[in-house]
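Labels run A, B and C following the written order; every chain starts at residue 1.
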Amino acid sequence: MANHISSAYDRDLEAIQTLVVKMGGMVESAILLASQSLETRDVDLAEKVRADDKKIDALEMQINEEAARVIALRAPVSKDLRSILTVLRIAASLERIGDYAKNMAKRTGTLVDMPAIAGSDAALRRMAREVSLMLKDMLDAYLRGDAVMAEDVRQRDLEVDQMYNALFREFLTFMMEDPRNITACMHLHFMAKNVERMGDLVTNMAEQVIYQVTGEMPEEARPKGDKTAYMSEL
Amino acid sequence: MTHKSLLIADARTKKRNAAERRFKAYGLSAIVVAILALVMLLVSVFGTGASAFRQTYATVTVPLPEDKLDKSGVRDIEVMKKVTTIGYTKLLNEGFENVVIASGIPTGLSRKDIGGMLSKEAAATIRDHILANPDLVGTEATLDLLMNGRIDGYFKGRVTLESAALDSNTSPEELALAQALKDAGIIHTKFNWAFLTNPDASDQRPEAAGLGVAILGSLYMMIVVLVTSLPIAVAASIYLEEFAPKNRWTDLIEVNISNLAAVPSIVYGILGLAIFINFMELNQSSPLVGGLVLSLMTLPRIIIPARAALKSVPPSIRDAALGVGASKMQSVFHHVLPLAAPGILTGVIIGLGQALGETAPLLLIGMVAFVREYPAAYTPDAGLFGEASTALPVQVYNWTQRADPGFVERASGAIITLLIFLLVMNAVAIFLRRKFERRW
Amino acid sequence: MKDINMQNPKISAKNVQVYYGDNHAIKDVNVEIADKTVTAFIGPSGCGKSTFLRCLNRMNDTIDICRVTGEIKIDDEDIYDAKVDPVQLRAKVGMVFQKPNPFPKSIYDNVAYGPKIHGLARNKAELDEIVEKALRKAALWNEAKDRLNSPGTGLSGGQQQRLCIARAIATAPEVLLMDEPCSALDPIATAQVEELIDELRQSYSVVIVTHSMQQAARVSQKTAFFHLGNLVEYDDTTKIFTNPDDPRTESYISGRIG
């Protein structure tokens, strides 16, 4: 697509995009660091993740302001309008993901004093890695305007949901085996739920990217793999 | 880099300001020169011509014996007409002498000389008066009668006692008597309405010469010009501006009209001679022919401002009219023409003013005639405006040719009259323009 | 281009070409304009939108070098048919111009001129009624009723344009053509005229040419995008401004070159 006749308009849009990419990078690293801090029981790292979340929040506010400015001054239509709406939604979703990462880091501090639950760390780490890869790919799809890639990201949420199902079962087993595990398992479960929610949010963002590129929200329903609501017994 | 202060003028600004001041000085001096020229013109014209508007008269009681004036005894006009001005002259001389004697002013002049102080026109004046009022016969009549040119000249400073000694038409004694009569109140000068109403007079009677015929002739011609050129010019300019297709032919016509406006007016005189007098055999010297020649000359001079006025109507008005569903004709006549009317009107009046002052073409078609009688608007022989006549500027030319110094004053007086008419016409043009001008 | 099939379009144009001498200004335009709707023509300068608008009331007839071919039907009658008198056509299709151009006459005479020349009123009372109705419909009655005999040129810009609208609707047209009616007006007067257009569409079929895309977006139900003499896209206004089909339309409405 050709440039706007007003080059200042192009610069404004580029600036917002840069902010989004920067925010996305910060959130990606927050996810990875949070799961790493759990694995290595590194309290300092967890503290850092908690502190860095403020920067993520500040970026979201900045993106909101810039977007409002562009709407007021440029009255965008069609594709430009969809870009701005997408940017707002992505920023909001990224901020939520950042909060989940911060939440995970908080619980790590508590879990340090408790014995490790076998295998759960690794599983959680695998889940977090999968989500952060999804996030990275979604950001790529956003930058390149690639709806196909975004659709692919959308489909990968199924795996994350399945991993969450498995972890849920495992925690139930551990808790039933030994009541002393209950506290640790509860915390771990919340962390797993957070990661699963992160996956859903990344899927939201992928759908936004498809909307921006094609002009329509994807018609087919996203794959929903989270069956834990229906589990009555093991 | 140091910034230049705005408060200090640099060299270029100073040069430019000096050049502009010089230019303004040139313009001002041009205007001053023009005004000086105008002032000189006016001073010289008014200086010689203003006196034409005052004329010397004498109050004379004339005896009107029946035996001399009315042989029939029953006031039969036809019989009375047989008495010529010679008969009346004798009565006049008698009457004037009586007045002089009655006033007690001593003089050595004979009755004939005393009578000679009156204008030769006076006899005609009294004859006309009696023929108009036959009942006066048998009594006396007291009238203001015209004094002759030399006496009049004396009171206006043209004639002095020295020049009178050399003059065959007057003598210092006559002048002395005239002065005494003036002091006694019998001779007086009053405003000369006759200048404007009298027909032209012969060389010997400058005091009786008037512009009446010339004014009427000019008026008839203006009527002819108005009636012929106004509709034709307006119609032509409307057609050329609104309806004619824009191609080479119309361009050619436009160029030619501009050229025609610049053609020397004497050429129109030759044209008029060839077409109207030789070919169409209209009456020579008639206001009709004069008017037609002037119309031909005035046509391009009206078409050009009329077209400019039509062009100046903004096209948005025409679009608006067409948009509402008016036809081309309706949009022109209901909207364009009323808006262009002030401009067209001004063009017409200025064209008429120019035509009023034209001399050369009229000379060629023979309106130099010496006309003693007012031309009638219509006579069975001559037709409409067909009687021989003359025009104001031609009259000026005519009088400047004459020998008697009294005519110099008359010619200047005629110029003043012409200028006043032109001034009035231009004032009317300005007034009408102001009144009808509309903002769009 | 998506085919819009309308039931009973008010105006339907087929294969319209317009030439100014050798310049091919309008290239094969096909469009259907709906009744009781506002249709906007947008496009860059010189794209032919005003030229096409002027074809709809045969105002291009006044330009000698202009030649129109193709078929333009209003109510199923070809307006370029030899039997059609353009003068009669223009009573049915009214026009409002870019610069307000009231006649230099009184307000009353401005509005009454059209009905008078078309013989729409039998007596003064009927004419008064027509004038009042037109001024009311143009939202000018309250401001004008006490000064009907004062000159039309004494009104403000926005009022003058509403006077021109009243003048156009006084001849009881069925279609109203507006060529950038608000470009000479300030924002408040513009908003008033736009409000008026919104009311007018209940009675007339309005076609408006505008340079302002926001205005087209605010005021019209259907929008046609012209570019270099072609009709590039014609669709519902919402579609054109949220997700147009043609990339040229997208470029124009986003303010991009090309």
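Structure notes:
Definition applied: contacts are C-beta pairs under 8 Å (C-beta built on N, C-alpha and C of every residue); 3 or more make two chains touch, one makes a residue touch a chain.
Owing to the predicted nature of the structure, the values given are computational and were not obtained by experimental measurement.
Note: the chain lying farthest from subunit C is B, by mean C-alpha position.
Of all chains shown, C has the CA centroid lying nearest to the centroid of every protein CA atom. In this assembly, the C-alpha centroid of subunit A lies 106 Å from the C-alpha centroid of subunit B. Averaged C-alpha coordinates give centres for subunit A and subunit C that are 53 Å from one another. Separating the CA-averaged centres of subunit B and subunit C is a span of 60 Å.
In the complex of the two chains, the subunit B residues touching subunit C come out as 245-246, 314, 316-317, 319-327, 330, 334-335, 339, 438-440. Those residues of subunit A that touch subunit C in the shared complex are 1-6, 9, 75-81, 215-216. Interface of subunit C with subunit A (complex): residues 213-214, 217, 241-244, 247, 250-251, 253-258.
Considering their complex, residues 57, 59, 62, 64, 87-91, 94-97, 99, 101-104, 113-114, 117-118, 151, 153, 164, 167-168, 171 of subunit C touch subunit B.
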